[in-house]
Amino acid sequence: MELLLPAVLNGLTTGAIYAVVALGLTLIYGVLHIVNFAHGSLLMLALYAVYFLHAATGIDPYAALPILAVGFFALGYVIQRLVVQPVSHGKDQNILMATLGIAIVIDNGALALWSSNTRTIDLPYAFDVVEVLGAFIPLPKAIGFFAALGIAGVLWIAIQRTDLGRAIRAVAKERQGARLVGIRVEHIYAMCFGLGTACVAAAACLLLPTFYVTPQVGYAFVLVAFTTVVLGGMGSFPGALVGGLLLGVVEAVAGLYLGESLGQIGIFVIFILVLLFRPTGLFGAKAA
Amino acid sequence: MTKTLNRRAVLAGATAVAGTIAAPAIVGAQQAPIRIGLLHPVTGALAREGSQCREGALLAIEHINAAGGIKSLGGARIEAVLADAQSRPEAGAAEVDKLHEAGVVAIQGPFASGIALATTQAAARHNLAHLVDVGVVDTIVTRGLSNTFRFGPGFGAITRAALDNLVRLNDGAGKPVQTVMVIHEDSAFGSGMARLMNEELPKRGFQVVETIGHPSPQRDFTNIALRVRQARPDLLIPSNYLNEFILMARTLQQQRISVKGIYAVLGGAASNIRFVREHNEAAQHIMDCNHWYDPRKPQSQAFAAGLAAKSIDLTYETMLNYANMQVLADALERAASRDRARVIEALASSTFNDHIMPYGPTKFENGQNTGAQAVNTQIIGQRIEVIFPAAFASATPVFPVPSRG
Amino acid sequence: MSRALGWLMLAAALAIPQVSGSSAWLTFWITTLLFAYLGQAWNVLAGYGGQFSFGHAAFFGTGAYIAAILQVRYGVNPWIAGLGGVAGGGIVGAAIGWVSFRYGLRGSYFALVTLAFAEVFRVLANAVAITGGGQGLLIPLKPGVEHFQFVDRASFYYLLVALVVSGVLIARWLEASRFGAWLVAVRENEDAARALGIRVFRVKLAAIALSAAMAGTAGVVYAQLFLYLDAGVAYGGHVSVEALLGPIVGGLGTALGPVVGAILLHGLGEAAKGVVGATPGLNLVLYGVVLVIMLRFLPNGVVGWLKRWGQR
């Protein structure tokens, strides 16, 4: 029992990162209705961006967050406008294949350019801890947790309160209708892809201080992100946040009691059960 | 000299049309170069390990050619034909067929055991000598394939050495370690290791208090660190790959966990100089039982200098591949022939001793080099020192390690 | 038009071992045809039935593991073990189909649930003892037809040609039969199909069982070819991706699409290696770029494009 509390707290900090990755995925899914297979690869690319920015300028990953978020927003926008959209021809399977093709290019491009070496950064405060109820929470994880909450909040306000947000919601609900009232649907698609990619950049900034980057690193997070999105309800922001936190905790507790190897099954079992019995997720409104 | 398999060579089965990339043949070499297939997983999940392997073998070829090539064949140079196993057995096996078409006289590779099981079998169909560089699973050499040779030690030999040396280490320090916790990745090598440790450690007077498996990749080690804190073992025995090892070591440091020693067996990072450089504090005093070279041999110094000049990390993958190529070159020298059967014969009768590994003269029995052994290393300061066996030791062990306070 | 293409391809296939006895050449065709057949399996469910699976590895891996386990652990003759693998693949497919369709999963929900099942199988295969756990399963080398291990590469090749032809015939049967018409009706509009009196659930279930048995067959052949399995090899995500790449590039819901797609993609993979040289990864970058460009200009796949072109 004495392990349970630290495990839960740690699960929450890990889950917060899952939530930020999933926020991006759920935004893209909610509006474009596509499963973005390049999401993990974009996360990997963002981790390299954080790494090289730190190596070149010494800039702190947290300070780099706004810069990278803007840069990756632009990247996502361009990918949607110049690659995904022209390839789609209105077919879901083509969009899926396009994101798969992008993933292949990014993964192997990273391998060719930066080799397969594992890279990490060492921050002076990486080993500082915050003591919460007798548990040691590494400072970078604590920062990540609160930053993730902040990011989710900002996104939620942006979607609820701004014109862009209203347009996004309109397109998500009824794309033909949105087009009729003068919303540039293609632009909104690209904005969503851009925002989703910016989320990934933010997650990378929060993750790298306690993690590493290799060309394959994205795969460690893709399935968890999918699960989070399904758990929370595809397209739902509060769902992604709660889903991410919940999944972090489930993973930590299942790992503790079932062992880390079988503990992974916990995630997939939840995934399958939610898909079967409540495919709209915890917060989803509309059935498929 | 390097070249890659290209499509035409594959489709036409022609060897002459394949394009040479890198440096052209050195003028003066009258003999056609001797082609050797370097088959490693340079893309996919094992890309890092595979690339390190490739670099080690290429450096050896460079050194061998610079020293005059294969003299019994008129100073013929060795030419590497590079192939990518893509971290998948079927891709590796397909590359073997292409290497065969490209006219190689032997194949060296492919790092992983699972791939090696497929590639050695494919090479056997062409009666092509296959030196297995790392792949520690023992069935690779016990299947009765006469073309298959493993210069390095297998799983059985490594774990035996790991256990024996642990007992010696512990006895020498007055038996500070009684309880042990095993942390392993859950694929072939880690789970095999864990099972063996659970069988053998109790016979040697250690109590295994807990065994924890984890997948690769494992995203977070906090749980495992918490369990270490609760179980309070004297010693941790991890068997996992580089990324997980780094995360584990950093998490243990973050969670302020102090044990009397970390004793890795085939540890992913404990014998990796980059880890030592980049995470010196977390890496300090970690011991490993692993493949390692004999740093005192003159060839070893040439090898280390060669790697440093190319800024390639010094890892066991580079060492084993360098040494395997040395073994192969010696066999070619004695075979004085490009004939595949003769090369296999020459390998089988090898007594080669001029390599960089701490093995003594080579002697293959059913393809396994019986002199091969793993050594114990420890990270001390900025260096990876050999601490066991005494005959090769470059430092005395720091054990039990000073508490992390 | 596509009938002529089919005969042409069969003639070419039979000529392939005559072109060159080179084993690399044959190995290339053996792997290509194996994945062409796996693609056809996927095509039966996705192309004709409209149910996109991301988890065909679950069926492929089950077929492979059952064949291997029966012969290694229980001494069953490999041919009979292979039949067990085919049946096992089909049963797992039917079971996954039953739960998924029972609960009305469609579109990306169905895709994700199959992905999750494949992952569960991968984790389990890595953890339980009968599969050899993480150490994998090695089928002993016993060359001989009676052991389903041909000494001669060409025999394996002809076996695969026969398999691929059978796959094409299954697809052709779908195009001509009543069952196929039901299946296509379900793909086009489930509710309308139901209104016409088609028993949608049964049709989908039959389609996934057929598709999964075919994928299981591919797994059995893989096991006999490479004689080694581990969880990543059998249930890895790349298997599921291989299954869907070929049909989409070649032409979804066409009998020859998966075959054309597999040949094109594997040929492209080899060509990319030849073009870019030794830097790890560059060949796959080129592969990915060409893949995206193909999708851009051939949205209906190669066979789809040929058909339109033929109609002009």
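Should a chain be cited, it is by its letter among A, B and C, assigned in written order, with residues numbered from 1 in that chain.
In this text, contacts are C-beta pairs under 8 Å (C-beta built on N, C-alpha and C of every residue); 3 or more make two chains touch, one makes a residue touch a chain.
Only a predicted model underlies this, so the values are computations on that prediction, with no experimental measurement involved.
A.B. asks: Can you check which chain pair, A-B or A-C, has more C-beta pairs in contact?
C.D. replies: Of A-B and A-C, it is A-C that has more C-beta pairs in contact.
A.B. asks: Going by average Cα coordinates, which chain is farthest removed from subunit C?
C.D. replies: Result for the farthest chain: B.
A.B. asks: Can you work out the whole-Å distance between the CA centroids of subunit A and subunit B?
C.D. replies: 36
A.B. asks: For subunit A and subunit C, let me know how many angstrom lie between their CA-based centres, rounded off.
C.D. replies: Here subunit A and subunit C have centroids separated by 31 Å.
A.B. asks: Of all residues in subunit B, which are in touch with two or more distinct other chains?
C.D. replies: Subunit B, residues with two or more chain partners: 42-43, 45, 47, 50-51, 186, 215.
A.B. asks: Could you list the positions in subunit C whose residues touch two or more of the other chains?
C.D. replies: Within subunit C, residues 123, 126-127, 280-281, 284 contact more than one other chain.
A.B. asks: So which bits of subunit A are touching at least two other chains?
C.D. replies: 108, 111, 115-116, 215, 219, 261, 264 - these are the residues of subunit A that touch more than one other chain.
A.B. asks: List the residues on subunit A that touch subunit C in their complex, please.
C.D. replies: Residues 29, 33-35, 83, 86-87, 89, 91-94, 96-98, 100-105, 107-112, 115-116, 215, 219, 223, 226-227, 230, 234, 261-262, 264-265, 268-269, 271-272, 275-277, 279, 288 of subunit A touch subunit C in their complex.
A.B. asks: In their shared complex, at which residues does subunit B touch subunit C?
C.D. replies: It is residues 2, 4-13, 21, 42-43, 45, 47, 50-51, 82, 84, 88-90, 93-94, 97-98, 100-101, 114, 117-118, 121, 125-126, 137, 139, 143-145, 186-192, 215 of subunit B that touch subunit C.
A.B. asks: So in the complex, the part of subunit B that touches subunit A is made up of which residues?
C.D. replies: 42-45, 47-48, 50-51, 186, 212-215, 217-220, 222-224, 226-227, 230, 242-243, 246-247, 250, 253-256, 274, 278-279, 281, 313
A.B. asks: So in the complex, which bits of subunit C are touching subunit A?
C.D. replies: Going through subunit C, the ones touching subunit A are 46, 52, 99-100, 103-109, 111-113, 115-117, 119-120, 123-124, 126-127, 237, 241, 245, 248-249, 252, 279-285, 287-289, 291-292, 295-296, 299.
A.B. asks: Touching subunit B in the complex: which residues of subunit A?
C.D. replies: It is residues 2-3, 6-7, 10, 14, 108, 111, 115-118, 120, 122, 126-127, 129, 136, 138, 210-212, 214-217, 219-221, 224, 251-252, 255-256, 259-261, 264 of subunit A that touch subunit B.
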